[in-house]
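Below is one structure, written out as structure tokens, with a few remarks after it.
Think of it as A, B and C in the order they're written, each chain with its own count starting at 1.
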Amino acid sequence: MPQADQLALVFLNGISFGMLLFLLAAGLVLMLGIMNIVNLAHGSFYMLAGFIGIAVAIKTGNFLLGAVAGMFAIGFIGLVMERFFLRRLPGHIEQMLFTLGCVYIIYDLSRVAWGSNPQYLPPPEVLTGSVPIGDLQYPIYRLAIIGFGAIIAFGLWLFLEKTRFGAIIRAGADDKEMVEGIGIDIKLVFTMVFTLAALLAGLSGVLATPVLTANLTLDWQVLTLAFVVIVVGGLRTLKGALIGSLLIGIVDSVGIFFFPELAMFLMFGVTALILAFRPKGLIGYGGLR
Amino acid sequence: MVNILSRAQLMRYGAYVLVGLAVFLIVPQFIASYYVLIWAEILIYAIFALSFNMLMGYTGLLSLGHAAFFGAGGYTVALLVVKGGMDNFWLCIFIALLVSALLGLVFGYLALRTTGIYFIIITLALAQMLWALAWRWRSLTGGDDGLPGIDRPDFGLPWSLEDTTNYYYFILVFFVLSLFILYRISRSPFGRTLVGIRENEPRMQALGYNTWRYKYVCFIIAAVFGGLAGVLKVYQDGFISPTYCSMMTSALVVLMALIGGTRVFTGPILGAGVVWIIKSVVSSYTEYWTLILGILMVVIVMFAPQGIVGYLAQLKERYGTLKG
Amino acid sequence: MELLKAEGVSKNFDSLYAVQNVSLSVSGGERRAIIGPNGAGKTTLFNLLAGELEPCSGRIYLFGQDVTTTPVHQRVHLGLARTFQIMNLIPNLSVLDNVKLAIQAIKPFRFGMFRSQNAYTSLLDEAQSLLDRWGLWGKRQDLMQELSYGQQRRVELIMALASKPKILLLDEPTSGLSEAAAASFLDMIRELGRDITVVIVEHDMDVVFDLADYITVLHHGEVIAEGTGREIKDNHMVKEIYLGEES
């Protein structure tokens, strides 16, 4: 019979993992909402960011630099991908297939650069150590992720709801033609959204490294989880992405703890059922918000 | 029933068939068994890619989870042989194809409730579900380690199928059979209707076609042949692992169909050849074969989305008209 | 005999009431036009009759049978056919292939998987007779997208006729056509015997008064007038709503 502090740990693990998932899912939702594409390389972004972050952090001895490097490297890659390639492709299917090709490219470049061994990065000095929860210790870093994730979520909300850019993005999700009609370059919006999504993925990838190792299986693993999240959350809203991420984070955490054998199976099975019978997800649909 | 072909055309097709037969039957006797192995695997993946293309090229449905059926076929055989001690090949393959069909029935029903991007994601989720089962249910499937010990079928013939070349001929039979059946289906009223559905589903409905039924049947056919490929592969490998149902395998078959060309029937065959050769042969010369595959994919998508075969067909047309 | 009947049919999208409590009845052999200014609900009503949309209330009957929830493809088998304003079937395939698909739709062998489609010679024969009748046999090998707009519309009509419908729904068939092409298209419709009932949604008043036996006028989703061409021409309400639209 698990004790309260164990449960608390499981719960907190779920929330912190959920926050990492949210950063990914938010990007996917933005891209789906505005550009109607599925970026199959999103998991690759996450993975590559981890590798780059670790490499830079080790070289400079500074976690923050590593995080920034990872995040912006991926942002840059996303920018280039969209601006020079995705934009030129005629349809959504072609765009998705292009991102599939990128998965292979990123995978191999990562493998050659960093080898097949998992890599690990210790958390920054200021966030090492743990706090007691009941009889157990819980890493401060994980708590920091929860806090940081919440800040980013809030920041994204602010961005979408309160800024001009955000308004444009929301409008574009609802009605592209109208946005173009009032003189906004929708192509620029696309590029910005894609880059933003990439930045978020990169951030998630780097932040995850003290918690999960960076390794070559991450690209598909993380991508499929992110898909589960957005399906549960309804595919189109950030709010759904947040709730979905936290939910899946907890399910994943609980699943690993209580019934590791069936957890993933159930998770994907439920995802498929939701898609088949309630594609609006468990949360519902209401524009990009 | 026979299309009226001119004598010249008949002779030309006859020549192709003879050359084809010669190459596929005779050449394997003279090359190293390493190459025969690769060739055999290409045939297996060709069946897999052709089955996938029924969905993508003919009906316009991009499934990112086709490996589910590959895995279903493979795991059914593996479980029957390793856990059930069954050594009757025909029974094994029959059950495996049945399982694939049933899976196609269930998955198809769920997936076809959706369209477009949703369809893509749901097929991904369904395949991942199967993969998760294979990976986590260690007691049944051996988990990550898989199940070893699957011997080639023994028909009591003087030629043992344990020999690479002999097993190649065995696969060849199934390949030719699959090719024949799938080709016939593609030229049939059913197949032509699928093309119409791919191009303009609402219009086809307005003409009187129950498009859902067509898509569903197509899905099941694709499932069965995907399962067949999995069966052949598991006997080829002698063991099975969760990679049979993995996202990588699903992506691989998409790659094959795309690179070869989805709009021409033979496209996926060429695609299987190209991709597998890059994976097997090129990989012995360079460690960058995955990168090469990725770049090839990107190049094809950007510059030749009709795939290699489609591109060649286009060239032939252009060159043909130039010749006047 | 009532071939097509709508009874108190309504359709709304969120808060937009596109069609409100519309009833109409079309008899066998009739030439019925549905007209109304932009936004009157013509297209919505058309799609309700065709089966593309399901009404929020009311019922639709085809040959006396309740088809309110019957899907589009089944209505074709009951004898309904429709044309589209915009969609061509397959631009990249030949006219012949397109027409063959249209003919095949109601054939029992349309699910056949083993013989080549070419083996079913009835497809070619019927396609030939249809294309020949309307003078397009010569174009059969051309890709659909290579035809002129007017020719494409004719093929569109041919494909609708392929299922040997008893009732034909035409969705603004002359829009975008030159006067000559429109006239030739109208000739096509006139040549159809009275065993095919025609319901046409139209903007062009000349076409309407020329072709229609009976006219239904929609405004703001409701039927405001019904009658023969002369009656509608003399109707004050109709003249009012069309003021400025008619030259």
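Quick note on the criterion: a residue touches a chain if its C-beta (ideal position, glycine included) is under 8 Å from a C-beta of that chain, and two chains touch if they have at least 3 such contacts.
Keep in mind that what you see is a predicted model, and the values were worked out from it rather than measured.
Enquirer: Farthest chain from subunit C, going by the mean of C-alpha atoms per chain?
Expert: A
Enquirer: With centres defined from CA atoms, tell me which chain sits nearest the overall protein centre.
Expert: B
Enquirer: Measuring centre to centre with CA averages, how many angstrom lie between subunit A and subunit B?
Expert: For subunit A versus subunit B, the centre distance works out to 33 Å.
Enquirer: Just curious, how far off is subunit C from subunit B if you go by their C-alpha centres, in Å?
Expert: Whole-Å distance between the two chain centres: 42.
Enquirer: What is the distance in Å between the mean C-alpha positions of subunit A and subunit C?
Expert: 49
Enquirer: For the complex, which residues does subunit B have touching subunit C?
Expert: Result: residues 1, 3, 184-185, 187-193, 195-196, 199-200, 202-211, 214, 217 of subunit B touch subunit C.
Enquirer: Could you please specify the touching residues of subunit B with respect to subunit A in the complex?
Expert: Interface residues on the subunit B side: 62, 110-111, 113-114, 116-118, 120-122, 124-126, 128-129, 132-133, 135-138, 246-248, 251, 254-255, 258, 287-291, 293-298, 301-302, 305.
Enquirer: Given the complex with subunit B, which residues does subunit C contribute to the contact?
Expert: 50, 52, 71-74, 76-77, 81-82, 84, 87-93, 97, 100-102, 104-107, 109-120, 159, 162-163
Enquirer: Can you name the residues of subunit A that touch subunit B in the complex?
Expert: Touching subunit B: residues 32, 36, 38, 85, 88-90, 92-94, 96-98, 100-109, 111-112, 220, 223-224, 227-228, 231, 235, 260-265, 267-269, 271-273, 275-277, 279 of subunit A.
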